[in-house]
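You will see two complexes here that share chain A, one where it goes with chain B and one where it goes with chain C.
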Partner chain A sequence: MTQQPQTLLDSIPASFDTGPQWLRSVRKSAAEVLRERGLPDKKTEEWRFTSVRPLVATEFARADAEAPKLVSPAPKGVTVRSLRQVLEQEPARLEGRLALGESEHFAALNTALFTEGLWIHVAAGVVVEEPLQLIHEPPKTTEPGVSYPRVLVTVESGSEATLIETYPGENPGQLTNSVVEVELGRNAKLNHVRIHENPGLQVGRVEARQEADSSYRSVVLTLGGALLRFDVRALLQGQGAECRLDGAYLVDGNDHVDHHTVVEHQAPRCQSDQTYRGIASGRGTAVFDGVVFVHRGAQKTEAHQENRNLLLSDTATVHTKPHLEIDTDDVICSHGATVGSLDESQLFYLRTRGIPEELARAMLTYAFIEEVVDRVSHEPTRDRLREAVLARIPAGEAVRGAS
Partner chain B sequence: MSTATEPIDEILKRGYDAGFVTDIEQEYAPPGLNEQIVAFISEKKNEPEWLLAWRLKAYRHWLKMTEPRWAKVSYPEIDYQDICYYAAPKSKDDAPKSLDEVDPELLATYEKLGIPLHEREILAGVAVDAVFDSVSVATTFRAKLAEVGVIFMSFSEAVQEHPELVKKYLGSVVPIADNFFSALNSAVFSDGSFVYIPKGVRCPMELSTYFRINAAKTGQFERTLIVAEEGSYVSYLEGCTAPMRDENQLHAAVVELVAHKDAQIKYSTVQNWYPGDENGKGGIFNFVTKRGLCEGERSKISWTQVETGSAITWKYPSCILKGDNSIGEFYSVALSNHRQQADTGTKMIHLGKNTRSTIISKGISAGHGQQTYRGGVKIMRGATNARNYTQCDSLLIGDKCGAHTVPYVDVRNSTSQLEHEATTSRIGEDQLFYCRQRGLSEEDAVSLIVNGFAKQVLKELPMEFAVEAQKLLGVSLEGAVG
Partner chain C sequence: MLKIENLHVEVEGSPILKGIDLEIQAGEVHAIMGPNGSGKSTLAYVLAGREGYEVTKGRVTYKGQDLLEMSPEARAAEGVFLGFQYPVAIPGVSNVYFLKAALNALRKHRGEDPLDAIDFMKLSKEKAALVQLSDELTKRSVNEGFSGGEKKRNEIYQMAMLEPSLAVLDETDSGLDIDALKVIADGLNTLRSPERAMLVITHYQRLLDYIVPDVVHVLIDGQIVRTGDKDLAKRLEAEGYAEVRNAMQP
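On to the complex of A and B.
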């Protein structure tokens, strides 16, 4: 791909002439939506607190890396194929599965422009013990570049798998605009861990479409970012489906991270639970926005949502907006949000036990998001995350030594 | 459950008891809005030049603004040129000096509503500044209040008698261009109440205004301004009901409160405007801007509201906590039945140190009602040790209603603490069963449970209102379980 650097909107082609007909029309509608709406500004409710102005005018070179690869070979029952290849050889198999053409701005941009990606397919009735690990290496160029990773994960009926995605990177000029779609068949289970290590520009979206009795569990860990926006959306379409969306984010310096969750209860007897924790220090800004929609007819819904934030400096800012939109009556729904500093009485307790103040603070700070880190069931990943979090907490290394 | 729902359906269809029309000649401004109309209103009220200039400034701002559409309510386009912006009872020129001189038909109207002024005067010890459409027609207890220096009069009178106070405070909390509806109000406001509590005075009685919208096709644009000087206290009651109408009526009021050092203002509302019939026809559009400024140290503003009426409610009584150690409170019960839509909540803006705010909101949805709590809590950089607690609970009755909770939280100070919690559930079947088992009718059981649900807010109301509010909740909801 050798193209002149262009602004994001200018990079949308006037027409789409390659690929299967259905994909062309999905891309065409995505392009139309974008041309009509442009990129979000401060007036766009979902982007009130996150300005993408630095992205609008920047001319990015198209810098797609190769298709992401699994760290280890795919286990039995799992097929991993390049999206480009499937689109060339058996395009009908993907029809209706690569969607989001008319969704919000950046996912539409990815839909219009992605050229390569992965399709991870877990056959029916397969329980995959080892996690599938995916690393999205950014391109190594230095000038501003943009890449559009795209992943489709299909877990067929009765199967179980764990996917661990990592977005590493060191180059703050690179923009990653990723889309991951997850399809869960009846009674299928996916544990999805997503780690944002990139300190640069990232926009990402995960959409999980769930059939009856399926389970989607997501743990997102964001270790800062100059500008990061992550959206996860779970569609509970079949009876008895459940989802758990958990996440933790740390901001420091001039970081700005923005996490949005959406749970759509479209069928009866579904359950959802969300726990997001944030630590804001330096001049960082952390935004959380979570919505639970309970559609008419989705009786016996149980939905809970919690967002807690620790504000460690007077120059940091936390915005949180957990909301519920409920259109039926037989539900149990709750949400809660808190913003505050470390609990003085807990601090005092630790100090009376002879623990130095700095260490006590670090312990309590780590403990604040440990619950989320502990939700990662794969031990080596959990240990790695623990290290990564401790490395970003003031005096964190002392906690490591103390425990 | 089909047999059990029949009487319930009947109750749900119950008519609006306060629906009747009083036939009194009105003096109208022609429908429509332009600079001439604004000038007409100002002239009718014999206003000073600066106020006319202020109104025209607001009008010109309003022309440039667009109607907000972010609230979760839907209603037909409002034709602002089809509304009469001024209506006053004919008898205005020979204004009554006492109740005896008040148009007996007016008195009869209040009678039907169960607020007989003369009885209330004696029994409740409440000074009633009754607003019939746009011009105040009866003010009582003026003398008693004057003794302690409290000024309580209609807004137009205040403009004549205390122009310096009005000029100083009008628009100081809700600026002209604050929002579309407040700009409209600023341009065309007809009348309202003015309250001034001098330094160190504890207002000897609860001040109360009853509003009524009466003339078809006239919007009511009330303007209320309450100023509490250092160390003073006032409790203000606002209640309203409107007669049955088929056409939507626009109501865009502005309420401004200013609390100086150590002053306290308690503002209570029972709102029961006509909600429209069960198909959503008619009903009041209630777009209200209410805001209080805790100007001085240790000042306190407390909003309590019971919202059971109106087809559309758009209302966010707010507090700006500017003085150190100031306190803001918001207690709300909102109920939407049939096709009512309510988007209501509050905004607490913490500027001063050690400022505290409490928000308790209880929403009840039944029938096809739509209910949204929309609240904002902002803790700015300088608000060291600020504290906020928010609780919003929703109760759902029936599977066709909706309850939505949209809190916005912005925190920029690390020493502050903020908690928000919300729950949504339907009326407990086991609670209902328990009550029914004890021989309570389904209606009584629901009323009991709903009143229990709202108790935390109802107990904040002054006695006079608490009774009315409980009755209102009961009437609006009895047996709404199906």
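On to the complex of A and C.
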């Protein structure tokens, strides 16, 4: 049953009467936060360059089924369960794990309103070679519609897995408000790939909570969209944990794509590394904001972040702001950002060898983000991404033909 | 093959080349020698079609066509090759990958079928051996992490792959030790042929001990002040550019 279309804020119920008590209380505080704060406006620092005004007044229809689909077999040691089912049958197992009630606006909205989702659980000491692949099919709602997919990924200690999420989309009026929580036990490893091929609207948050010596590696590929905003927050809570957050994004037409990263160094001897690359053409807008907090007591932190952007048209816009907040001594940190056009001397070099200008430009454009694409270790996915990127850069066809 | 007539070139409004006349026939090797700032690299870039060089007077005819009207890639397609003094690194674009694209673009222009991967790799191995460039380097990103000598050998490897009619070699000897210089000179001597012309630009006579030119030109302050045979290069080495410059004063 599809509910009557409502604005996002109106769709928050006055009270929460179902589900376990702890969840009701998490949802209740989320609702209170939202009623108090409303949705972000241009005075909200984290949303300075991304306006959600088009979303505020829109009445969205809500779809029923919102569970992403697992399209690969779940190997031994991995259980994939419906969140709804676990909440009905063993609610205590999820207590304290589905959080973010008082988090940023949209994650709070998801927390208040999600009805379905997945819990992916990798048992202790299990190493899974083949990736788990999730597809978030957009629900069949009438436009404009909204969905609140929710995923909890628990990788117990000593385990290792790869998760590839794809967010396709066809309906430009469809809003996806997703939350993925990742829990990494001691010495656990997760490679997490997210592919956004959504031409419409999405706000998505990933939060990774990491115990000692765990490793979280995230690659996000965002291939344009009307209004896309993605936040990743990695909490390095145990000694020796590491995270690597990489991303590539392309904007064209009137696309607006915004990536925010937050890395919290809360324990000593953790490492973080971020590489984000973007290509902006047409009248597209790309935003990157990355912050690394090194908290008191997080000695021997090593943190690096880099954001480079290629501006292919005069009418495209890039905002970039990598920054560090360091509250301890004995750290190695670096950050940097660039916005520029194609290198004329590289272009000339290729042309003197007989490469037509258009192909030379396409080669250099693809090379700019290839490094990030290459960090996807699953070969079929990497090949697919290469194709998807080439399909979106000017004369990309020619690069494919030339290889 | 190449005819340069009264060529005047400005860069950002300052005159650099002030009336160059030069004619090269197929099979000939010409050397252009000159001190720093004489306009040697400008001449190389103008012949290859780099932007930012304004031709204010004169013309350049290559195989009967107006060279200056052609795009850099059209010149390459017609057989012009520039060996760079400072080859640029291109991270993310592999050497063999871009060369295959380049070679097949040229072959298409000549009405030949593209080379498949196997034939291409065979050719690549053969040509890389000519300048002792390792297989690993041919596959790496263009010039990324290459030493000075490796970059120059990569230029000659590319030339060998593309088989140009006219090779303009801009200070191919700069930054090379004597062993690397010999490797490059051997490679270039192998590439000499009755159908191919070379314009070897250099500051020092040293390279010309190994690649013996048919004609030597001395370029000073944007003009060719002397033209002679290989002995001119030797005299220049012995007497220095100052002597030649003074000798031409009225």
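Here is the rule we go by: the second predicted complex is superposed on the first by the 398 of 403 C-alpha atoms of A that agree within 3 Å, B and C clash if a C-alpha of one lies under 4 Å from a C-alpha of the other, contacts with A are read in each partner's own complex, and residues count from 1 in each chain.
We adopt the following convention: a residue touches a chain if its C-beta (ideal position, glycine included) is under 8 Å from a C-beta of that chain, and two chains touch if they have at least 3 such contacts.
Values in this document were obtained by computation on a predicted structure and should not be read as measured data.
Judged by the touch definition given at the top, the superposed model places A:Gln346 against chain C, while chain B stays out of reach. By the document's definition of touching, neither partner reaches A:Thr58: not chain B, not chain C. With both structures placed on the common chain, the touch criterion links A:Pro356 to chain C but leaves chain B unconnected.
By the document's definition of touching, of the two partners only chain C reaches A:Phe368; chain B does not.
Of the two partner chains, neither chain B nor chain C is touched by A:Ser29. Legend: residue contacts after superposition of the two complexes on their common chain; A:Val331 is shown touching chain B, with no touch to chain C. Put chain B and chain C next to each other and count what each touches on chain A; the higher total goes to B. When both complexes are overlaid on chain A, the residue A:His319 reaches chain B alone and has no touch with chain C.
Shared-chain residue A:Gln6: touches no atom of chain B or chain C. Within chain A, no residue touches chain B in one complex and chain C in the other. Per the touch definition, chain A reaches chain B in the complex via residues 45, 296-297, 299, 309, 311-314, 316-341.
Within the complex, the chain C residues that touch chain A are 48-51, 71-73, 75-77, 80-82, 84, 87-88, 90-93, 97-106, 109, 142, 158, 162. Taken in their complex, chain B has these residues touching chain A: 70, 72, 379, 381, 394, 396-426. Residue ranges of chain A in contact with chain C, taken from their complex: 343-346, 348-357, 359-360, 363-364, 366-368, 370-371, 402-403.
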